[in-house]
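The same chain A turns up in both complexes below, where it pairs with chain B and then with chain C.
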Partner chain A sequence: MAIFNLKKREIECKIVYYGPGRCGKTTNLEYIFKSYKKQVTGEMVSINTEGDRTLFFDFLPMGLGKIKGCDIRVQLYTVPGQIKYSSTRKLVLRGVDGIIFVADSLEVRREKNMTSLKDLQANLKEYGKSIFRVPLIIQHNKRDLADEGIPLMSVEQMDRDLNRQLKVPSFPGSAIKGTGVGVTLKACLMETLKSLQKEFKWAK
Partner chain B sequence: MNESMVLSGSLCFLSMGDIIQLLGSSGSTGVLRLINRYAADPGFVYFSEGNPVNAKNGDRDGLNALYSLFGWVNGSFEFTREAIAADKKITKSRMGIILEGMKLLDDGHTKKVGPATAAGKAADLSRSPSGAAIVKGPLVDYMYVVDEEDFFDGEHIVEEGKHGSWIWVILEGVVDIVKESASGTVPIIRIGDGSFIGSMASFLLQGHIRTATAIAAGNVQLGVLDSQRLAQEYAGMSREFKIFLASLDKRLKQLTDCITEYHDGNVKVDDILKDKRVLIRQGKTKEQQLYVVKQGRAFVVRDTENGPVVLCHLYKGDFFGDVPFIHLAQEPEGASIYSSENIKIAKVEAGSMQNEYNRLSTTFKNMVDNMAACMCVTADVVCHSLSSKKTAPADSSIRQGG
Partner chain C sequence: MDIRLQIKSLLSEAELYRSQGLFLEAKDKYHAASAMIHKVDKIKNKESLLKAISAKIQSLEKKEEKVKTGPASPELSEKGQDLIKNLFGENDLQKAIALAKFGQFERAIVELTPLLKDDVYRLEAGKNIIRCKLAIGSVDDAVDQYNRWDSAELFTADQLASIRKYLQSRLDQKGIEKPLPVPVGESVDNNTISNSGGIEFSMPEPEAELLDINSIGITFTSGAQKGKMVEFDVNFQSGDMLSLIISKRDKGLIDDLKDGDKLEEIQFYSPIAMFKGTAVIANKIQIDSGPKQGDFCLDLKVTST
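Showing the complex of A and B:
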């Protein structure tokens, strides 16, 4: 559920990057923070959690127009994967509007991807959301590593693994080089807004 | 209700992180007050235009205090809108505080302050070497608990010498029973979950005077017992059983008094036992018989390594001997009975008392059992305090000699 800030005439929505540890969620966010600096409001909050970093910043997407005369402000989060960070995860996932699932293209991480996606489903369920209904985009990250001869899964195989039932948009990407980062985010924003608008019409 | 109080609720529904976000998005200025019954003092967070600028939790302030408040998973909060004068000690961004606070909590750096930890604290107390054993009672029968009360660490629950007839059962936590003596406060016993505060004497006379002080050791949750219902039950008992209970209660009171008396060192055991004859010899009698004193005086005496210790004085109407349904660890196996010359005693049929005991309500039975357990421990404390008294002067004389 997006938050309506009537004082500032803003709609605040929450987009969360989810995925197995070391898959590149943080790199995605860092790239966005660097290259869309003008649209970023406020500083980047970075918390060192075990084996990973949790990031957060506010983002004002351009050219998305207004909903009912309200600006749209996006909060971007990554969520720590470890089981023990349940309070953080709960805080981040509660009221989430859109999710970007970052999958690791390394062959050795195949199982990790699938467990993490299952995890996401379980977590969303806990907060009363269905993975099939929440706006979701999958990014197959680390495609650049193929050039270095590291065995990767094919995009088709990854879609089969992760996206067979979900049938959500998926994009190849390389967060470290920046390819696919913008596209993924934009796609997620579009999905999120679509679903928000649907929600408003529903309410009317 | 205070007019400037604009938001209040329960922390288990809206967590610290949620509240900060909420106040942040509304850009509020004011004071957030948190109340947790497991913490002695309320916590405060000061907000200026939606950003936390300072916090206070006990003697901590600033960011540390704010992070520690994330551990308050239980309790209530209220936000009052007002101008704040607090120094700006926190400059970290709102979201940074929230995420860091949550992370510290998940990492276990911030301690959770709630019911689970209170239990943990109690467990710590029972392990502490300084404290004697904690007398725990049987499972609490909630049918008789009419209200719950919380006491913080160090708070006095009842005070010696004050009037009062309420009886509590400890639902959670540890309580120290102490008595005042000429030479200061004397610890008597530690009691824990299921034990009772307040004695049977409460039923006997209105405006009963408390015989000892009860102090909460750590935070304690007490159940107030339905004393009217208990008094009614007491009133319905046979005269003999009533006297028996009163006699038990007197013994416990005497045992506690003994501790202070021995502590002050004004007991002359030899004087008391002069010209007295032994009715029951400690550990020697196989006879299982309960007696009542009809005339004269008797004494319950335990033989220890440091000589005989007088535990109780018995008068007309008091019982002694073997009680089949409760374990007192006194006569005949753990103490002797001495008596005056003019003593007259009568045998008591314990069978009917046993039946009456079996018919007691759970809570009343618990009270009797708990009283017996306290008597066992207190008797040990009496002997122990005497032996430590006796060895202490010996030490000093050596020092003088050297």
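Showing the complex of A and C:
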């Protein structure tokens, strides 16, 4: 849950990158860390295991400066995608304000995307939150692999699979090249701040 | 498509999946390529190609095994542990519990031990020390710890009873037969009378003990928070009585709550189940001294689940 300091007019919110293992959540954060130096307010921390798989979470603090008279601070997290880290995903998701679901465009990962989105819904439900109400953006990652002749799902198919009911904003992306990373984050921040405005009426 | 091109395509797909860490998908493609090569006679270096693919599959299997069997919660560096403390806990107890939740049990015990001196945290710190010791696998250590507390004067009889119930239930779950000594002041088993051939009453079954609750979500039905569900951590629990410590900066969330209020919609989160129920506010006070000065202590009596 976001922290709103009325006296200092400060908001600290939490954005979580969710998605199946190896879909590019950490790569998104790494790109943000490299490319948004002005906004990044601290080191990116990654706790990895064998073969660069996220073990617990990645963490990156950002400051967006003043928006409508309020100082906005953002904490970006990723969850571990592997199925066995289910309890860690749930822990990291606690108090989330906005979510970026990173879907893998590889055809062979179609089922994993759907399983992960269902896992997200179940975990949110356990915190009394609905996937239909939480600020959520979908990123169709790894679009660059089409150039290498690797079978990818079309963006339309991915939206049919994942976004038919949710109808949330979705963006194509290539986290490794940085394409779509900024626009995805920006969309999520806007949705999150809109949702927090309803809750806290923070904007002047 | 020409079969050679198909094989080439499968191999490049496999290679890409391997580079992405998608071991299973890579293996499938290598197997498919291998099956195709077997069927074609006119391939140069057929045997060496098959051998090379087989080596790639073996290497993938090794990597896969490493990922599968890798520890779920390895011991982190002090820096990593400090980060978990700071990101996932607001007060000292929550910080220590966060370490335990991330599997950093040894450090969690180190952080919990000084909290035993704190009246507010003592019981919950004690229970969590036992939980960590059990998680590390040292059942004897957990039992020894309980026995040491039993013979010291750190906990009240009620607190000790609560810890004993918790530990005993965990031992029972693990199938370990180790009856713990009953603290002085707690009622002795009724069987003593019936075994002695004395009067036997038909007694109602004791009510099921409430599960350990980690946190609750209160849906407010009136006041400024009407319609919203707000989550609170449970700092300690004694039977059906839950105590929450609420930071003074969250005062606004509980402003509308007063002693005797009925909370009709509560979501209870325990490590093994999530359920709904109701509770009554037994006590709401502002802590007037110590490190938590200014924070609020809210006691809730669970009335139904």
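Following the convention adopted for this analysis, the second predicted complex is superposed on the first by the 165 of 204 C-alpha atoms of A that agree within 3 Å, B and C clash if a C-alpha of one lies under 4 Å from a C-alpha of the other, contacts with A are read in each partner's own complex, and residues count from 1 in each chain.
Going forward, a residue touches a chain if its C-beta (ideal position, glycine included) is under 8 Å from a C-beta of that chain, and two chains touch if they have at least 3 such contacts.
Keep in mind it's a predicted model, so treat the numbers as computed, not measured.
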Looking at the overlay, what does A:Arg53 touch: chain B (first), chain C (second), both, or neither? second
With the two complexes superposed on chain A, say which partner A:Asn5 touches: chain B (first), chain C (second), both, or neither. both
Please indicate which partner A:Ala122 is in contact with in the superposed arrangement: first for chain B, second for chain C, both, or neither. neither
One more residue to check, A:Val108. First (chain B), second (chain C), both or neither? second
Partner chain in contact with A:Arg22 - chain B first, chain C second, else both or neither: second
Have a look at where A:Ala146 lands relative to chain B and chain C in the superposition and call it first, second, both or neither. neither
Give one of first, second, both or neither to describe whether A:Ser86 is in contact with chain B, with chain C, with both, or with none. first
Contacts of A:Gly42 with chain B and chain C, given as first, second, both or neither: first
Chain A contact check, chain B vs chain C, more residues touched by chain C
Chain B/chain C common contact set on chain A: 3, 5, 45, 47, 49-50, 56, 75, 84-85, 87-88, 91, 94
Residues of chain A touching chain B in the complex: 3, 5, 7, 12, 42-43, 45, 47-50, 54, 56, 75, 80, 84-88, 91, 94
Along chain A, where are the residues that touch chain C in the complex? 1, 3, 5, 21-22, 45, 47, 49-53, 55-56, 59, 75, 82, 84-85, 87-88, 91, 94-95, 106, 108-109, 126-128, 145, 148-151, 199
Contacting residues of chain C [partner chain A, same complex]: 9, 12-13, 16-17, 20-22, 25, 28, 63, 66-67, 70, 72, 74, 76, 80, 83-84, 87-88, 98, 101-102, 217, 228-231, 249, 267, 269, 274
Applying the document's contact rule, which stretches of chain B touch chain A when the two form their complex? 15, 17-18, 25-27, 93, 95-96, 98-100, 102-103, 105-107
